[in-house]
């Protein structure tokens, strides 16, 4: 039962339900194809954080997006 | 200072404050009983994600609940 | 399918297989008792880090244990 | 590309955008100074949980704050 | 800069370097295809735990594999 | 009791005990300075993964280092 945690910034209102479905299906297929297990048991969690709470190279994504 | 992170789906409005108290106390007791330490220092975090953001076997829990 | 990640210091050679079994069973029972679900599906991971890689209040656990 | 995940209780309305900026910049500087890399690539995420969802020594932070 | 953490059991000696390459490439492609970003910046970490340290439904994967 | 998890690649034999001390002390000071709490209670964990198990932009760090 592999576990896959996705963390990303919440942008443009955040990922749509359809996008989340596609991410969950896509990630699970990749794992099952490569490892030959997990197709029925893989757990995927998706977490979206606002851009104030996400930093890259010492700056918030909020500020980076302004550049 | 052991750390215990619980991630689960937010269902039926999510876990109540009483349930969270019981989970935190229960998990801490189990650790202290088994390991003989941590009763005063264990940190427990509880995170609830909506069922669109939680996948099992390639499908969202939202869709699985519809079956 | 709730997920529970335990992170702790590796001390005295680390937790024994029996202790890990007891932690996994105990945590799962607590969750199932409190939330009424997860008894068959809960995923628990246990991670042990050496005391150099674990800090509390600005000091490594290695140094704290020397006090 | 080191990753730093900060988890803390959300208190007094939570960390302000300015505090989050200072945390992201400060953490990144510490890493770059000590390890000599990561100044441009470090990823920092900040997650705030309510005090009901955060336990220390078997009690919720909500209850601990009442003492 | 999305972050994807994969945690799985270490079985049959663990994932090979080629499998890890395929997982990293595959996951990143899925994200970029679905979200239209992250192809150059996605961070993927892969963590393998021994089957004693991994529980499902209250039992260790070590014991489950014996059934 | 804030929690800070650092994940990075293990390079050149990995971070030395002195570097880990400096990271733990430095991160804790930054948090205490900015948030006015946590100086005595902050928990920091440091996790180093080999470069095969770490991907950026779809490639392993092992391959990126060869370029």
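A, B, C, D, E and F are the chain letters, set down in written order, and residue numbers restart from 1 in every chain.
Here is the rule we use: a residue touches a chain if its C-beta (ideal position, glycine included) is under 8 Å from a C-beta of that chain, and two chains touch if they have at least 3 such contacts.
Computed from a prediction, not measured in an experiment: that's the story for all the values here.
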When chain A touches chain D, do the two copies use mostly the same residue numbers, with over half shared, or different ones? different
Looking at CA centres, what chain is most distant from chain F? B
Pair joined by more contacting C-beta pairs (B-D or A-C): B-D
Measuring from the mean C-alpha position of chain C to the mean C-alpha position of chain E, what distance in angstrom results? 20
Distance between the CA centroids of chain B and chain C (whole Å) is 13
If I count partner chains per residue in chain D, which residues reach a count of at least 2? 1, 3, 5, 7, 27, 43, 45, 54, 56
Set of all touching chain pairs, with the criterion as stated earlier: A-B, A-C, A-D, A-E, B-C, B-D, B-F, C-E, C-F, D-E, D-F, E-F
The residues of chain B that touch chain A in their complex are 7, 49, 52-60, 62-63
Chain E contact footprint on chain C (complex, rising order): 5, 17, 20-21, 24-25, 27-29, 39-48
Write out the stretch or stretches of chain C touching chain A in their complex. 1, 3, 43, 45
Sites on chain F touched by chain D in the complex: 1-9, 15, 19, 22-23, 26-27, 30-31, 33-35, 38, 54, 56
